[in-house]
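Look at the two complexes coming up: chain A is in both, with chain B in one and chain C in the other.
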Partner chain A sequence: MSLDSTLTARALGISRSRARSRAGIRNGRLAFLYLSPALLVFLVFTIGPALFVLYISFFNWNLLNPSLSRFVGGGNYAALLHSSDFWNSIVTSVYFVGATVGGSTVLGLGIALLLSQRGLVRRIVRLAVLTPYFTPLVATSIVWVWIFNPQFGLIDSVLKLLHLPEVGWLQSTTWAMPALIVYTLWHDLGFTVIIFLAGLATVSGELREAARVDGASYWHEVRDVVLPQLMNTTLFVIVITTIDSLQAFTQIYTMTGGGPLSATTTTGFLLYQQSFVFYKTGFGAAIAVVLFVVIALFTLAQLRLSRRAA
Partner chain B sequence: MTNRAGSALWRKRSRRFRSGLLALLVGVVFAFPFYWVVVTSLNSSNSVFQFPPNFLPGGVVGNYGHAWHEASWVRYFLNTVLIAGSTVALVLVTSLLAGFALGVMRFRGREIAFFLILSILMIPKVVLLIPDYIVLKELHWLDTYWAQIIPWGASVFGIFLLRQFFGALPPELIEAAELDGASQLQFLRTIAAPLARPALITIGLYIFIGSWNSFLWPFIMTSSPSVQPIEVGLSTFFGTNGTDWPGLSAAVVFTTLPIMIVFMLSQRRLVAGASATTGAMKG
Partner chain C sequence: MSRHRRFIAIAAVFAAVATPLAASAATAGHRANVTISFMEAMSSGTQKPTLDDLTQNFEQTHPGITIDLIAEPNYGILQQKEQASIAAGNPPTMGQAYENWAAGYADAKAIIPLDNYVNSKTVGVPKTFKSNIWTGVWNDLFLPDGKIWMWPFNKSDYVLFYNANMLKAAGISVPTTWAQYAAAEKKLTTGGNWGESLDTGTLSAPANGTLEYLSIVKAFGGTWIKNGKPTLDTKAAVQALQFLADLKGQGALQVGTNYPEQTALGAGRSAFAVSSIAGYPYMLAAVGGKFSMQVAPLPAGPNGGEGNAMAGTNIVIFSQANAAQRAAAWQFMKYLSSPHATAYWAIKTGYLPVTKSALVYMKSYIATHPYQKIAAQALQYAGGNPPYAWWTQAEGYVAEAMQAVLDNGASPASALATAQQKAMQAASGS
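Right, the complex of A and B next:
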C-alpha cells in the first residue's frame, strides 16, 4: 500500500504532492508548537541562566534580597585574579583533570583492547568494569572512603601486611588527591571503555590480519594499525573526560570536602564553596563564567575535530 | 604439523591465556569494592577494625535492620522513584514532540533550531547552579519536587536520538498515513512513537539512572528530607554515622541495590545506546 501511494504521488506529479504536503504530516506550520515544551525548559533553566550567570558576575549579589545587590563591574573578576584560592584551585584542577583524563584514556584503551575479544570471561569482566559508572557517586565514594581509611582501611592493612609504610590517604595533603583520582578512574573508566570498544569494532580487521601475516608483533599491530584508526575516538574521549572532570563534585564533597586544607579544592568545588557555603554569589558567578569559557572551548574544539573527521 | 607452526600456535595460545588472565585481574579490581562493602556490612564493628583484615563476610545481618531504622529510607526511596519517574515521563514527551518536529516536519529554520539545541550541550551543568538557584527561588520552587523534575524535563540526548530515528522513517510510511488522512499528532501517537519504542526505552533508562544517581542538584536545591532523594539521604546518613562502618556499608548496599538491578537488566541496551550516540556525535 505504501508503495502504491508513492507511485500515485509520482504519477500525479510534483504539483499534487506539494499541494498534499501543505496539509500533510511533513507540514511545518505547527513545528514551533511541537518544539515549545522542550524549548521552554531549556530557555528557563539552561539558556536563560547561562546568560544570567554572566549578569550576576558583575554584581555584589545579595542572595536573600536581590534588590540589595550592588553593581561592581569587573570587580569580581579582579578579585578572582588576586585570589590565591582561585589560583590554587586552578593548579589543583590541572592535577586532577590531567591525571583522570590521561589515566582514563590510556587505561581505557588498554582495557578495551584486552576485552575486545569474544568469550564468557571477557563478557563478565566487561560488566564488572562498566558497573561502577552506572552506580551512584555518593554510595561508591563512601565505600572508597572506607577502603582508604587510615590504619583500618583495606589499602593500609595490605601495606601493613607487606611491611610498607602506611599512608593517611584522604587525611594527607599529599595523598588525598591520588586517592581521589584512583576512585574517579575506577568509577568512570567503564564509559571510556565502551567508547573505545565501539571504536575498535570499526577498525579494519583485514589490515590487522595483514599486519599479523607480515609477522608484526602484537604491540606493533596496535601501534601501527589500530591506534591510527582510533585517533578520532581518542580525541573524543579526551574532550569528554576533560569536560566531565572539570565538573567533578560529588566524590570530592563526599571523600575530602575539598581538603585537607585545600589540597583537593578544584575550581568546580571552589565554585560551590564560595557560592553556597560562604554565599559570595557574585564571586562564585565569576568562577562559573571562567569555567564556562574553558569548557565551551573544549566543546568547540571537539565539534571542530569531528567535523574535520566527517 | 611442523615445529615452527606448532610453536606459533603455542605462542598464540599462551598469549591468549595471559591476556585472559590479565582481563580477569582487571575484573577483580573493579568488582572488589562491591564485594568489600558487602563483607563489611555483614561483620561486627569489632571484626571490621581488626588486623589482619577479615576478607570473608560474617553473618551479622543485624547491621541492616539497625541502619534501616536510623533514617527515613522509605521516604527517600519514594521521593527518588517519584522524581526519576516523573522526569522520565516529561523527557519522553518533550523529546517525542521536538524530535518529531526536527526529524519529520519541513519548516524554515529547522537546521538552525537543531543546531541551537545541540549547542545547549556546551553549557556545563555546574555553571547553572547559581542562576538556577535564583530562578527556582523566584518561582518558590526551592525545596520542592518541582525543582528536581521540571529543570530536567527536556534532554538534548533524547531529542537528538528521536530526531535521528524519525528522520530515517521511510517516506512511504508517511505518505501512506497521509493518504489515510491521519493528522500529525495521530501519526506521531499511533505510528511513529510505537516504532520508536527501542529509542524511547534507551532514553528512559538513561534519564532514570541519571536522575536516581544525581546528587549535586538536589543537594543544593532542597533542604527537607521529606522531598529529598536517596543519594542526598545517604550523604546525610554518612555525615551523622560516619564511623559506624558496618551500618554505613549496609546502607550503601540497600540504597544501591535497586539501581544496580536496573542497570544489570538493561546493560546491553545502555551500551548500545552509548555507542550509537557517541558514534553519531563524533561525526
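Right, the complex of A and C next:
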C-alpha cells in the first residue's frame, strides 16, 4: 500500500470516526433530551430535597420562619455525638436490623428451598407466604396490635389457656422489639422468599444432579452446590432488607410509637420524632444525613463484595 | 325527646343565632368584599355540616365576607398543613390551633395577638361576655407574654364513663373522690373483670391515659408547670402516679393501646373509663346497648381538689392576612363563640359550649343529654395544654414515666425525676 493510499485510508478512518463521534454526541444529546423529564423530576423531588436536608443540618432551623434560623455549623452533628437518644437509637437499630435481616435471610432461604419443588400444595403455600407482603403496613400493623393485646389478644389468650402468665407484648421494654420483629418478618418474608426462589431457578441442575450421583446428602448438596451459586442473590437480599429495615417506620409508628421507653426507637424513627414531633428540624436533618451515609457505605460495601463474588 | 321536638329545638337555636347577628352585622359595617380562609379539622360526622351551617349563616348576616373553609381530616394533618403553609409563606387567614401550636406560631411571628380586637370599643367583646366564658377556657387564650393570641372554638374535657349495671350489682355508688374510685375499682376487680383500662401514650404521642394522670395530679394539688418551667416531679405528681401504680398492682388497672378504655368498657370487662366527652358517641357505640353507660364528673382529690384536662382547640389569625381579612376573621371568631352559635355547635356535635350563657339555649338538649352539663361545668377548672412549644415534648416524658412505672416496674419518684430532668432540658431549648 502506497503512502498516499495509507494517508487516504487514515483520513477516511478519521472522518468515519469523527462521524461516529458526532453521531454519538447527537445520540447522547437525544438520550439526555428523552431522559430530561425523568431527570428533572428526580432532581426536583429527590436530589434537591436531599441537598436541602444537608444544608439545614448546619442550622438551628426554624421550620415556620426560616429567616429566624441560626447557622450552627457542625453543632447539630456534635449534639448527635453527645446525644444518648441517638446512641440508644443506633443500638436499637442494630438489634432490629440484625434480627430482621438475619431472620428474613435464613427463613427466606429455608422456605424457598422447601417451596422450590413443583406441586400444587407448594404453589398454594408460596402464595400464602407472599400475600402478607402485599398487605398495607398500617392495616396489618393494627391487626397485630390486637393480636398482641394483653387483655383481648390472641397470643395472650393462648397463654392463658396454657396457664402461662400474660405478657404485655407492646408495653414491655423486653418484649416490644421482639413483637415488632415478628410482625416485620411476617410481613416481609414473602419478598425474600420470592427473590431466593428466583435465585434457585438459576442454580445449575446438572451440578446438583452430579452431586447427588456422587452420593451427596441433601444438606451437602445445599451447602456445597446451591449456596455458593446463591451468593449474589443472598448479598442482594441482605442489602435490600438492611436498607428496608434501616428505613422501617410505619410498623413502629403504628404498633409502639417508638416505645415503651424508647425501646423501639430506631434511628429512622428518631429522625421522625425529632423533626416532626418536636420540630428540631436541623437536628433531625443531621440524623438523616448520618443515616444516608450509613446506608450509602453499606450499599458500597455490598457492591464491592458482589463484584468479588462474581 | 322525640326527633321532631329535637329538630324544633335545634331550629330555634339556629334561628336565634341568625337574628341577633344579622343586626350586629349591619352595625359592623362590613360592606367591602373580603374573602378569608379557615383551616380546620372539623371534617367528620356532624362537625362538617354544622360548621357549614354556621359559616353560611355568618356569610348571610355579614354581607361582603366570604369564608373559604379548608377542611383537613384530623389534627395531625391540620398541624402539618398549617406549618407547611406558614413555611411556604402562604398561610390561611385563620386556623384551629392547640395552645402549644400557637406558642410555636407566635415564636415564629406567624400569628397575631388579638388584644386589640378583643378589647376594642367598636368591634371587641364586652366585659360581661368575657366573664361569661368558662374560666378554664378564658385562661387558655393567653400565651405567657400575657397577651390574648387565641379565641375559643371547639372544647371538650375529661369525664368518668361507667358501667351503671356493674356498679349497681356490686352495690357501689358513683365515686366522687379518687379514694372512693380506687376502692370501687378494687371491689369490682373480680371474675375476670377489672376497674379500668388506660393507654399511657408514648413519647411521640401522649394518649387519654396521660391526660387522666395529669388530671389526677391537679386533683392531688399538683401543677404541670410553674413560672414557665415544668413541674413534673412534685409530691402530688409522685402520689398520683403511685395511686395508678397501686391500682395496677392490684390488677384493677390494665394498660393497653388503641383506646383500651373504650374497648374494655364496651366489652363489659371494666367498670370505668376516663375519656374525653367528645368520645361519648364512640363509647356508646362500643357499649352497643349491652348495659347502661353513664357519665360522671372526674373524682376529686384528697382535699376536694378538682383536676381536669381540657381538650379541643382555639382559633388563631395568621400574620400574613391583611387588615381587612384580620377584621373579618375576628368577626367570624366572635360569631362562633357567641352564646347562640356555640350552643348550636355543642348540640349538633357533642363539643362543649365555650360560654356559660350558652347553657340557657341548651335546656331541652341538656335534659336528654345531662352529661353535656357535667362536662361543660368542668371547663371552669379544666387546664389546657400549657402554652409553651416545649410542652409537647414534656407531655411525652410524662407518658414515658407512666410506661416506666406501670409496665416496667420503676418507682414513681425516679421515673418522674427523669421526666422532669428531660422536660427541663426541652424547656431550656437544649
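Assume the second predicted complex is superposed on the first by the 272 of 310 C-alpha atoms of A that agree within 3 Å, B and C clash if a C-alpha of one lies under 4 Å from a C-alpha of the other, contacts with A are read in each partner's own complex, and residues count from 1 in each chain.
The rule is simple: a residue touches a chain if its C-beta (ideal position, glycine included) is under 8 Å from a C-beta of that chain, and two chains touch if they have at least 3 such contacts.
The model shown is predicted, which means the values in this text are computed figures rather than measured ones.
Applying the stated contact rule after C-alpha superposition, one finds that A:L63 touches each of chain B and chain C. Look at A:F249: by the touch rule set out above, it reaches chain B but stays clear of chain C. Of the two partner chains, chain B is the only one that A:L30 touches; chain C does not reach it.
Looking at the superposition, the partner that touches the larger set of chain A residues, chain B or chain C, turns out to be B. In the superposition on chain A, A:G168 makes contact with chain C only, not with chain B. In the superposition on chain A, A:V41 makes contact with chain B only, while chain C stays out of contact range. Of the two partner chains placed by the overlay, chain B and chain C both lie in contact with A:I142.
In the superposed pair of complexes, A:G259 makes contact with chain C only, with no contact to chain B. By the document's definition of touching, both partners, chain B and chain C, reach A:F152. Overlaid on A, the two complexes show chain B and chain C touching the same residues of chain A, namely 63, 66, 142, 146, 149, 152, 253, 272, 276. By the touch criterion stated above, chain A contacts chain C in their complex at residues 62-66, 68, 142, 145-146, 149-152, 168, 170-173, 253, 256-262, 265, 272-273, 276-279.
On chain C, the positions that touch chain A within their shared complex are 80, 83, 86-87, 104-105, 107-110, 197, 200-205, 254-258, 260, 263-264, 267, 269, 389, 392-393, 396, 399-400, 403-404, 407-408, 426. Contact residues on chain A toward chain B in their complex (touch as defined above): 1-3, 5-6, 9, 20-21, 24-32, 34-35, 37-39, 41-42, 44-50, 52-53, 56, 63, 66, 111, 114-115, 117, 119, 121-122, 124-125, 127-132, 134-140, 142-144, 146-147, 149, 152, 154, 157, 160-161, 186, 189-191, 194-195, 197-198, 218, 232-233, 236, 240, 243, 246-247, 249-250, 253-254, 268, 271-272, 275-276, 281, 284-285, 288-289, 291-292, 295-296, 299-300, 306-307, 309-310. Of all residues in chain B, those touching chain A in their complex are 15-16, 19-20, 22-24, 26-31, 33-34, 36-37, 40, 48-49, 51-53, 93-95, 97-98, 100-102, 104-108, 110, 113, 117, 120-135, 150-151, 153-154, 159, 170-179, 182, 184, 187, 209, 212-213, 215-216, 219-220, 230-232, 234-235, 238, 245, 248-249, 252, 255-256, 259-260, 263-264, 267, 270-271, 274-275, 278-279, 281-283.
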